[in-house]
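Just below sit the structures, each encoded as structure tokens.
Both of the next two complexes hold subunit A, though its partner changes from subunit B to subunit C.
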Partner chain A sequence: MSEVGFVFSLSRLWHVAGGQVILILAGLALIFVDIWLSTKHKANEGTIMGWLTIFALMATLGHLVFREWSLHDIVFMGVFSAEKFSVFVSCIVLMAGILASLMSIGYLRNNGLARGEYFILLIFAVYGTIALVQSVDLLMMFIALEVMSLAIYILAAFLKGDQKSQEGALKYFLLGSFGSAFFLFGLALLFGLTGSVNLTVLAKTLSVGIFEQPAVLVALGMIMAGLFFKMALVPFHMWTPDVYEGSPAVITGFMATAVKAGAFGVFVKLLFVTFTPILSLSGQPEFFTTVNLASLGAYWKPVLWWLALLTMFFGNLIAVSQENVKRMLAYSSVAHAGYMALGILAANAEGRMGVLFYLFSYTLMNLGAFGVLYILDGKERGAQTLEDYRGLGFKYPTLSFLMSLFLVAMAGLPPTAGFIGKFYVFSAAIKEGYLLLAALGVLTSVIGAYYYLRVIYMMYMKDAVREITPGPVAAPTVIALVITALGIIYFGILPEGLARIATIAQQSLAFVF
Partner chain B sequence: MDFYFWLFATMAVCAGIFTIAARDPLPSALGLLTVFIACAALYLHLHAPLIAIFQVTIYAGAILVLVVFVIMLLTSPDERLSLLQANMSYRIMGVVLGACIIGLLAAGTKGLINIVGSKALPDGFGSPARFGDLFYRNYLLHFEVASVLLLVALIGGIYLAKKNL
Partner chain C sequence: MEGFIFLIPLLPLLGFFINGLLGKRLGKGIVSYVGCTSVGLAFVIALFVFGDLLSREPEHRLLVQTLWDWLQVGGLNVHVSFMVDQLSGVMILIVTGVGFLIHIYSIGYMHEDESYWRYFAYLNMFVFFMAMLVLGANYLVMFVGWEGVGLASYLLIGFWYQGNANADAGKKAFVVNRIGDFGFVLGMFLMFITFGSLSYLEVFPKAFHMYAHGYMALNSPVMVAICLLLFLGATGKSAQIPLYVWLPDAMAGPTPVSALIHAATMVTAGVYMVARSNILYTIAPTALLVVGLVAGLTALFAATIGILQNDIKKVLAYSTVSQLGYMFIGVGVTAYWAWIFHLMTHAFFKACLFLCSGSVIHAMGGDQDMRHMGGLAKKMPITYVTMLIATLAIAGLPPFAGFFSKDEILWRAFTFPYFPVAGKVIWFMGTLGAGITAFYMFRLIFMTFHGEFRGTAEQAHHLHESPFSMTFPLIVLATLSTIGGWLGISPLIGEQLGEIPNVLEGFLEPVFEHSHEIVSAAVQAQSYSHGVEWLLMSCSVAIALSGVILAYVIYMAKAKELPEKLAKTYALHYRLVYNKYYVDEIYYLLVVLPIYYLSIFLWKVVDAFCIDGIGVNGPGWLVKKTSGGARLVQNGYLQTYGAFMALGLVVILCYFLGFR
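== the complex of A and B ==
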């Protein structure tokens, strides 16, 4: 049990949160490596740092996956948990981190910005996201959320001479702090009501009767608002377009995938462990009373219903009128958040599995699209408008084909993983009786198909109006693009394996104690 | 009547009024310092010695030094502040916002009293030893991760602020 687990032991720390330890040590070591590199090997600084980062992230991934087989502890000091759900989401985050680092090597070279700080911040951003996903303690969630956000704010502002990057980062920082403050207020209310910040203890204490107090609803609302901000659900999405357009392209891809995965993962964990009766399924007698928590669903479900609808509609409708492809992808990522919210709303096993599958496949296609985008761009903001994409299909056939593949996947057409993800989420929602919402959701994805396919139309059916100069294609980026493209097609044709792992992962939520 | 409380409460309120009424920014900052110290004394009175120590070291020490630095660097000796004070709409807005905050605080205090009521404090409440025990036992990991947060902020601050790295 979590209360008695407050004994510090290094071996248990290594078992449960070993991935985080590796990341912190790697981040600290890279600071010194970078100092050495910048005096001795200035020319290759970006490349060497990039590969070292990839190595560290791979080691973390290996540790997490390997530990899952020989796991005998789940919760460490009532703060971190390593059940399969957290590990699954952590793997998505690490995958996004690895792909982003691979692409960053080429991106930084194209922009003449090969600086070691970039990769150090990227490692700490991944660290913060994993700590966020693994925590089962509201206070630790807040601190990890801040580690993640702070690293991302700085990465968003990484193009120092660029006004849009600076503007976007400042907006993100101000609005992000506001969102975090909401989360913190919710946390304080819950702590004041129950005297604990641990998710399972909270569930137990709330279910005894406190959950009927209006203050609990206020706290839940505030925590949800704080997380919705990171997930970019409408009406908390205002920062998204400016930040996504301003940030370095690869960082935008990382933000849209890893940060979203982290926020969704922690929201699912928080919502289902503390505010729904999932723990009553665990077989532990002390959690039997948590069945009561089902009555809270009457409050959060309508809210999520409307938010999912608004997010799907606004994201897709506004994306239609965008001329800048990067900005269009920003609105599309808002729309995708809406589909994932649908899976959470369904609140059944298949819905949670759908969300996990969706996050996984979305990470592949979104990072792939941003990878192609930065190459076509040449230098940041070189060629991002729809006009620039005219007639690219015949001049750069491979890049155009890859872009088309990623866009088709985002539009949710078979035989890509994007289709399967949408299928799982919608079918889960229909099973729970949200027929109207699912129908409207399918309608919005038709709107989505219009603006995704318009880019493909521009590339293949129109003649070029101006010459664009794509940057050189770096070898690591090729690796990343091949992985993402193959992944999208593989999981589009054979989704059962991943779906089975995701199903087991979401079941493990009932055993976080 | 609690002599100790009234002494420092009066001191805090008077210094607060002086802070907003002063014509020059620097005496105003000194007024703020007095508010912080008076508050620290009140915390001590409320059996929260650790909060009092933090109040003196962090607010009266670090933050006030920062405020004074900013005043020294940014404001020219006379004009600016008085210019703002002369603006009528600022004054009206200040009165309205101030009244709102007083109202909120009063309502909050009322709510707090309703929830908490009057309870006897647990043994060793607020002592630095008890705090340290909790902090380095139950909240050890939070403390460590917070240090990572500061490290990230440090790296980012240096990268963003320095012109030629």
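== the complex of A and C ==
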């Protein structure tokens, strides 16, 4: 790394981390806007704050797409980097944030919760996630992780007076502290061993001799465990069902997509920059020795093999016996994490590309499903069980059709993006010789198809037992649902463009410096 | 005019969409207008294209229009393209022309039907697919049309689906045709492997050059195999032995449908396909022999069944099978142009016969049994005269159309260059069949139009001549049945009558040029004198006349008890023929029953028990049970969750630190 990288300069900050700057400034400004709104325009507080949030997120997205994507100097002071991989994942996070904000306007109205701090917290959650992905410094990573987590904890508890929401948030907080502690401990170990927290410096230092010391392995294990918690891999997934079921529906959707994307992004970055680097491909002589680190793969790959299998298996298996659709979707999100882990395990270009594609398409379909879910729900926990979904197909044809589309995409059937994502990760795994795991994965996705299609079966083939009262459909939610539905079909039929961008993005991990 | 060829199939397709999607709301007037105009316009365009074809030099009479690339997989490259040469040109004129007339006829015939719009939608769909079949420039496009007309035929046979028997007839047609299609598809595969293409313009020249340059011998096994497989397909579509059984049952459909699909056009698709592939067949004489013998047998066999049928449409159905046999004799004995000649005349007189029978059935209030008819000539003069003309044509009496075409085919069979002896056998079967045809056709005329009316008083009261929209096509078709034959007049007669040229042969001959080269190079054809030809001609006329006279004696000449007497004397033969040689029953016993029981076995034992029971529901049950058990771990206690996380971490660390 060049020394220039450590010199502070405002213009460089703006170029490399401009998106983060916009988000922080917007978040701070919105606090004051909200104070003003809550005294003057109480009635429209939620809507105005929502649209302002969307505006801020769009601005950030613009900065990421039009500036950071084509940057040459990508590192700011050895803390943040804007290589294409981070930018791509950040875009997914922002997309999730925008979709969630669009839906939140209607959600908050339906639940009588129109309070401005919701959106401020959402902005900070997005900020934390993006900072997490963009950081190349373990300490910054930890701080970003906490920023993200704290905002999410509060959002999860946003349904005041709802026991499940409170219980879930508390569990999330306590277990999350656990996870953070793992991560922090691993970080401390690495710092103690190498005297640095920078990912590339770590890679260089570790590659010269000490990487197979037990302390390094413990640090790797700790960091992995910490991130697995956020990625919700079995057995670190136990919090997900309770938290996802308890949280406000849109926040659940956001957690299952943005937070997951952040966690997966940072895990991929850590793995392929520091622990099993592809830095050696960057052409810089100082990184040639990092090839050594490939032997660490012998440690983490078998672990990931088993965890991916367990995750795919248990996620899908337990989802089968769920009666509550929201809780079922929580387990399904665990299962999806398993499929994405398969792509990481493959550790090749196609695998990383597959993970990125999967995250992108999963964001669309999952948020779409939660969008329909909250409308059908009326008020939170109004109609979430499978029984409530009986016979909806003919009473609410559009909503039911959309729900079916999202579920079909999650089940991984063509011509949806869900199929393409699964196809990419499975084929990457098969390419690397993980034939058995891929076969077992496909088997578990058959189990998955059962419970997804069961919802559709309930909607179209059964007669209603009781009357449910869906809430009004807000205009922003319509926009979000249209975007998600079209996206799922578009990228299911023409995946090539996105796949090409994702391939370029994952390559950039070799050129972090 | 190449650029306009696509309109010929497109217009009926548009008609299909308009009538099919909106027909229910449009009302009968607009539906008939759309249905007829689309086909009429297609006919006009076909005329223009044909005119363009005629205006060119004989060697440049080939119009090709390529619309788009359809498939590009490996070496397989298929375009959606249309081709009009002399062969498809004549054929498309017949299809759209006769189709147009029958559309008009249908306005009157179907005017009381509730599903009027559905009928016209199907009929338009049929014309669309038939045009695809005829115009396609490669076997795959032809196959699309081939399957499409099968679908249209299925839908129209079962058009009155309220009757179980009609639906069954539709199914039977569909299933039997599937057997043929299986052969067609295999033939295509083999052709692609052999020639690397499915396009006519690549396969045929390639085959000819491979033969001409000695890369492929006469009768090379692969060619025989291709030709026989394609012929299997043709026997299904064109109702030849052994797959003819569906056609008589197909008469369950509305009568205009029988006329258009099951007499004039669709059933000739098989012959068309064989004639299209004439070069391939000429290189494989063995396949030709099979075609010729099967065809001769069919022509004779089906004619005998026709003798004892009492359902007016069934008689015509068996006569169609028999006439298709004559067409196949034509292609089988390398008289390719004679085939299309007979196809054309047959389209005229058979469509006319069917439409006349429709007119009769219409007057009889739906009754098709000839035993209830009689003496209708006075009540329905136009129908009577037109039907008589068509009957004379099919019976092969000069100067009506059927005489010229049938005679040409039989003469060519007699002089079959590849197998002279087999040719004589085929000729014999054909001539005998022609006599029988004359007999049963005049039996039909006598039973229907002469003598006393044998139906109920109510029917007698109802009897009337059909409306003009129905009689108009009859008149047109009867006229064509009279003069159509002169287009392909035998040179022998033509010279006698003062240099009337054989227009059709001269026009079609370039298409079959290569085939003739192959034949003349391969064998020294025996030459026969004009005397022999005259002799054969008068022989067949004599046989046909004796058939007519016999019918008159038995059914008209005051010998009312004669048919019953004959039936009693030859009881065994009578029952055998009356029950159509029990072919349906034999097929049922030998083919349907074994498959039925096999499928019962596969269903109950293999599918329901093994696959569904053990294979599918077993794991499903297991998953549900395991799932219920696994969810117990998720007990809501924070301690458990934390413990699992810690356990996970410990296991990972243990693994990393070498406790493997």
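Observations
What we mean here is this: the second predicted complex is superposed on the first by the 506 of 513 C-alpha atoms of A that agree within 3 Å, B and C clash if a C-alpha of one lies under 4 Å from a C-alpha of the other, contacts with A are read in each partner's own complex, and residues count from 1 in each chain.
Everything below uses one rule, namely that a contact is a pair of C-beta atoms (placed from the backbone, for glycine too) under 8 Å apart; a residue touches a chain by one contact, two chains touch by 3 or more.
Bear in mind that the values here come from a model prediction, so they are computed numbers and not experimental data.
After superposition on subunit A, the partners subunit B and subunit C are seen to fit next to each other with no clash. Contacts of A:M224 after superposition on the shared chain: subunit C is touched, whereas subunit B is not. In the superposition on chain A, A:L174 contacts subunit C only, with no contact to subunit B. In the superposition on chain A, A:F272 makes contact with neither subunit B nor subunit C. By the touch criterion defined above, A:Y434 reaches neither subunit B nor subunit C. Within the superposed three-chain model, A:Y396 lies out of touch with both subunit B and subunit C [touch as defined at top]. In the superposition on chain A, A:F406 makes contact with neither subunit B nor subunit C. Once chain A of one complex is fitted onto chain A of the other, the partner contacts of A:F183 are absent, as it touches neither subunit B nor subunit C. In the superposition on chain A, contact of A:V79 is made with subunit B only, not with subunit C. When the two structures are aligned on their common chain, the gap between the nearest CA atoms of subunit B and subunit C comes to 17 Å.
Subunit A contributes residues 6, 8, 24, 31, 76-80, 115, 117, 120-121, 124, 127-128, 131, 137, 139-140, 143-144, 146-147, 150-151, 153-154, 157-158, 160, 192 to its touches with subunit B in the complex.
Taken together, the subunit B residues at the contact with subunit A in this complex read 115, 137-142, 145-146, 148-149, 151-153, 155-156, 159-160, 165. If you check the complex, the residues on subunit C that touch subunit A are 620, 623-624, 626-628, 630-631, 634, 636, 638, 640-642, 644-645, 647-649, 652-653, 655-657. Contact residues of subunit A toward subunit C in the complex are 171, 174-175, 178-179, 182, 214, 217-218, 220-222, 224-225, 228-229, 235-236, 238-239, 241-242, 299, 302-303, 314, 317-322, 447, 450.
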